[in-house]
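You will see chain A twice below: alongside chain B first, and alongside chain C after that.
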Partner chain A sequence: MAAAKMTVAVEAGAPGSAMLDIAGLNVSYPVYEEEPVRAVQDLDLSVRPGEIVGLVGESGSGKTTLARAVMGLLTQPGRIDDGSIRFDGKDMRALSENQLRAIRGRDIAMVIPNPRSELDPLIPVGKQIAAVARAHLDIGRAEADEMALDMLKAVHIPDPTRRFRAFPHELSGGMAQRVVMAISLVCSPKFVISDDATSGLDVTVQAQVLDLLRTLVREHDTSMLFITRDIGITAHFCDRVAVIYRGEIVEFAETASFFDNPQHPYSVMLLAAFAHNPALRNKWHKPLASTEAVAGRACQYAPRCVHREDACDERHPDLRELGARHHVRCHFPVERVA
Partner chain B sequence: MRILRYIGRRFLFIGPQLFGIILVSFLLVKLIPGDPAVMMLGPFATEQQIAMLNVEMGLDGTIVDQFWIYLQNLVQGDLGTSWQTTKPVFDDLAIRFPATLELITLSLLLALLIGIPLGVAAAYFKRSIVKKFSDYYGLLAGSLPDFWLGLILIYLFYTIMQVAPAPLGRIDFAVLPPPPVTNFLIIDSLIAGNWQALWSTLGHLVLPVITLAVINAGPILKMTQATMERMLESDLIRYAEMCGLPKTTVIRKAFRNSLPSVVTIVSVLYGFLIGGAVLVEIVFSWGGAGQYAVQGVLNADINPVLGFVLFSAILSLIIYLLVDLIYFAIDPRIRG
Partner chain C sequence: MTDITAGHSERSRWEAFVYALRFLFAVLRARPLFALGYFIVLLVVVLAIFAPLIAPYEPEVANPVDFLQGPSWRHLFGTDATGMDIFSRIVYAPRIDLTIALAGTMISAVVGSFIGAVVGYYQEGGGFGSFGAGFVMRAADVLQAFPVFVFAIALVAIFGQSLESIIAAIAFVNAPIYLRLMRSQVLAIRNMRYVEASYVSGASDLMIMLRHIIPNSMAPILAQLSVNIGWSILLTAALSFVGAGVVAPTPEWGSMIAMGFQNIITGQWWPSVFPGIALAVTVFGFALVGASVEVLADPARRRALAGSLRERKKPA
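After this line comes the complex of A and B, so read on.
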């Protein structure tokens, strides 16, 4: 198992002190004349101040929907059916569009994947950083430009004065990703959501960018929700790891505990896939299994589970605490990975 | 620097392009049935008179000979003579093209003022009255004939309310036109400082400009709306929203990124309207270039037709060059 053994000191925050606290969240996308697609189901997740929480899941598992729901920017026709999202003590669902806009980019910043299509192709990148600073901070043009330049330096962009005037198409993918990080951090947000941010980069560049992101976040004591498809990254990057499958959290634990003793068959499968150990992978992976939503009360993962039993088809498992702050949604948690 | 090289390359191609256009239009115009000699001499002409006139006009040779003669004259700046106006085609067009350009330029400016704000608003406020209005407007503008709208406007504002001048040309008969310099009446009256002529010219422009603008705002609106809608759903704008940028900034960003397609549709409309405004020109007795060409086609007067095609072609080339320059200006990716 390639799980790194690492212990990270996590302050045991009081229940009310979470930076982001999501409880019982349900998000669905209505489908014409059909059952709505439930993208996020009964999801509880909290991130404490200064903490980095990893959220791992495959495409379509609801990661991005969750991030958008937090920002109050669900894509049409998605809607929040139920649940609460509290950020820094504020009920995000009760805020007006204007109040949300003041928070976005200022207190909660988003680091996005493929910056080439998300940065404005017509505006020099330095100006784009400055525009975000000016939108949220009460500063003048010159001061904003200066902050932008400082941010370009902070994200280690070579020749920042020249790059300030560069257009997005003139930058490499890695540099564009750094610009996006500069935009997200320019207002010193309290919370950063990184949505699969480095998925488009080469592995070497990815490592550099991630290191930088982590350093900057730690320096400013910012909390972060780190959404990724790559479970390997979370081992080095996060304080706690949550695994999401079909809109449900199936396992949520501190990083050390998670990698020492993953208990949900899906987590084990992801780790096995990552370990590049064919024997292990084959043991936990059921090829050709349906990834469709499961009707009724069955466990969502049952069709793909190698340990499926009758109970899995009859009862929907709850998220249970097994061990110290180690939550698992499974009737038959994995005891020991062999 | 890249832009200069680009323009230079464009100019290299202008010659061959024009030659091709002249060749094709010459052949096509020759295919139109009708004998100018018969038309000119009237019903009582003898065979002999007709044959003589054909020789005189150089119409007795083969089509290749005729084309060769036309080209030789063209190189000397001679576009031939119109037998209807009995004046050189070049002189005729020098008056009529500015008349049309003045009309369609102002019309398109007004059409932009109508189409862009409506298109942007309809794209942004998806479930609003503006959106409904824009949808109906687009439908209506696409289905109404422009000359009909012109006639309605004349009926309302000239016949009934009597606030508009008579639809008889570009300026009152009673007003002395300014000495021709550019043949754009607005510019010429400004040069001459002739305010009476300026006022009369503007007055005569109002109804035809509104007519063309109202109709042509339709496609501009549709294009703006469609591009803006796509833009507002794009990653680019979603990201701008995630960054909490103000609403106006977000809309402006979306619009700037939609601008190339708006420029494209305007250039297409401009090229089209040079000839396409002809029905409105007829309704308002405008004496424009399109009208001149149509008269030529109907009366087997081919020199005006060829002259018109040539002028339009050159103008279109200029417009497309301008459009490319605008693209250069707005998009740094093309600037390279």
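After this line comes the complex of A and C, so read on.
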């Protein structure tokens, strides 16, 4: 299990103690004869040991790019222009491919969606779990198999000894997701990135899987960056919530503070989108939401914002701390939702 | 915990073997054409191995007194113009034909699919990898642009009329097929999410290639292999027929057809027709085996087949 038990209270904002510390990160995708697409812009984010941070955003907001940048897995032609990514005190950008490989799967694990396609169709799932354990831990085949079986039990797969030998196509989606979780947790990583991991599952299975994932993460004292497009999940699941819009964090707060008092119009819009009251939904949502590129220095969200004012078009807002550890990137933060 | 170690014990492996055997028999019952294919291939292999026991005469000993005898109980398939027993020669022929075809196909499959895998894996990386991949593929184009038969004759002409050079010719002619097949498979497989997932969990390029990409690309290669063995037997026979292959007294189907075909005009059809039938049946058998391997090598298709077997049993 994880070496040192640390409680969240121990760290009190000292930057060195963060498990993952991203500062001023810029990621862009060059486009032929055009301005590069800036997928992640000046992003600061830190995850403390044992903490679960939710990262919420719509499609194309830079969630996955961020996750891949952390793993050193940006797809071509994406590149990190600027900024630092420190994981457990190590500068991830300075590590060689071999050093990164030793960390991936061992200290940082990543869960990506569509569990069934993440499993090799020709290898029994138990062997796939064991293979990851063997690649990183100095253990023999029998011991790795035993660890894999323990993992299958830990993720509550019924009849684990039989499933050990099952091929991926013999599993249901929920079971495949559990296997994928077992693969990512078998080496007891210090940090897990879950990228939209539950998107392919129906709601009941999703609830079970998330519950299990949280229990396991808490048991192993693992930190997690939980990326999702479903803001509802984060309320029960995460310690802190960050909302990302067009590659920028627009709001970052403790979960309770965030849901009690969301302050960025975009966060409010996301929350209102789940509301059953159509009046509330419409109040925060512009029917003709523009996706036009934002020129120069304006606020990224201005074209879609219901509270847009002149200042929004002139100055780019900074991330300001409003209230206890509640950061918002808005000139005119929302006071009351209703 | 004890269950897992039991998974590796001798007993369960034996059980798995018995299960696999029973499954195979169930498949063969349900798919009689597969069974026919396996039967033919098995028969040819048995002939090759036990030829000295089966053949009533020495295959290369001519008995000029008994030349061009029709099929009879003494000479089952008759004798040829030099008085050699045709049945004995047909029984001995797979030794040569199978050796050439198997060796040629195996060499081309191993070399071709290895190069194909490397080309497919590094093709999209850009830089030198892409350049090298393009070069290899164009070279394969050139190889395939030659008419297969002319190319094989040319190779045999250059390297001399030996067993090795025929094998080399067949390997050369077949290699681009495997190269292309493997490359296209690897191009598709390497973008699969499980390859990425494996990379994310810290596997090296070599491990990904050996553990995930090559096994997942093998099904069409295996199917191609069997069809190709049959096809290589045909090519061997064809080379021998035109005189570029196996040299005369050696029993080989193609050269036997060639030796006998002048006699057809005068009514002695047996020196050519019997080896021709043997050749056709053998190639057909390998094609059937190829079709069955394609189904059985894929766990999902195998499972689907097993499911259909179970359902068929129910109403009975």
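Simple rule for what comes next: the second predicted complex is superposed on the first by the 323 of 338 C-alpha atoms of A that agree within 3 Å, B and C clash if a C-alpha of one lies under 4 Å from a C-alpha of the other, contacts with A are read in each partner's own complex, and residues count from 1 in each chain.
Everything that follows uses one rule, which is that contacts are C-beta pairs under 8 Å (C-beta built on N, C-alpha and C of every residue); 3 or more make two chains touch, one makes a residue touch a chain.
Treat the numbers as computed from the prediction; the structure is a model and nothing was measured.
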Side-by-side fit of chain B and chain C on chain A, or clash: clash
Partner chain(s) touched by A:L149 [first = chain B, second = chain C, both, neither]: second
Touching partner for A:L122 - first (chain B), second (chain C), both, neither: both
First, second, both or neither for A:M175, with chain B first and chain C second: neither
Contacts of A:T161 with chain B and chain C, given as first, second, both or neither: second
Contact breadth on chain A, by residue count: chain C or chain B: C
Chain B versus chain C as contact partner of A:R101, first or second or both or neither: both
Identified clashing stretch of chain B versus chain C [26-34, 44-52, 62-70 or 278-286]: 278-286
Contacts on chain A seen with chain B and repeated with chain C across the two complexes: 71, 73, 101-106, 109-110, 112, 114, 117-123, 131-132, 135-136, 167, 169, 183
Residues of chain A touching chain C in the complex: 71, 73, 76, 101-106, 109-110, 112, 114, 117-123, 131-132, 135-136, 142, 145-146, 149, 161, 164-165, 167, 169-170, 180, 183-184
Sites on chain C touched by chain A in the complex: 1, 3-5, 7-8, 126, 192-194, 196-204, 207, 211-212, 215-216, 299-300, 303
Chain B residues within the chain A interface of the complex: 234-236, 238-247, 249, 253, 256-257, 330-333
Contacting residues of chain A [partner chain B, same complex]: 71, 73, 75, 100-106, 109-110, 112, 114, 117-123, 131-132, 135-136, 167, 169, 183
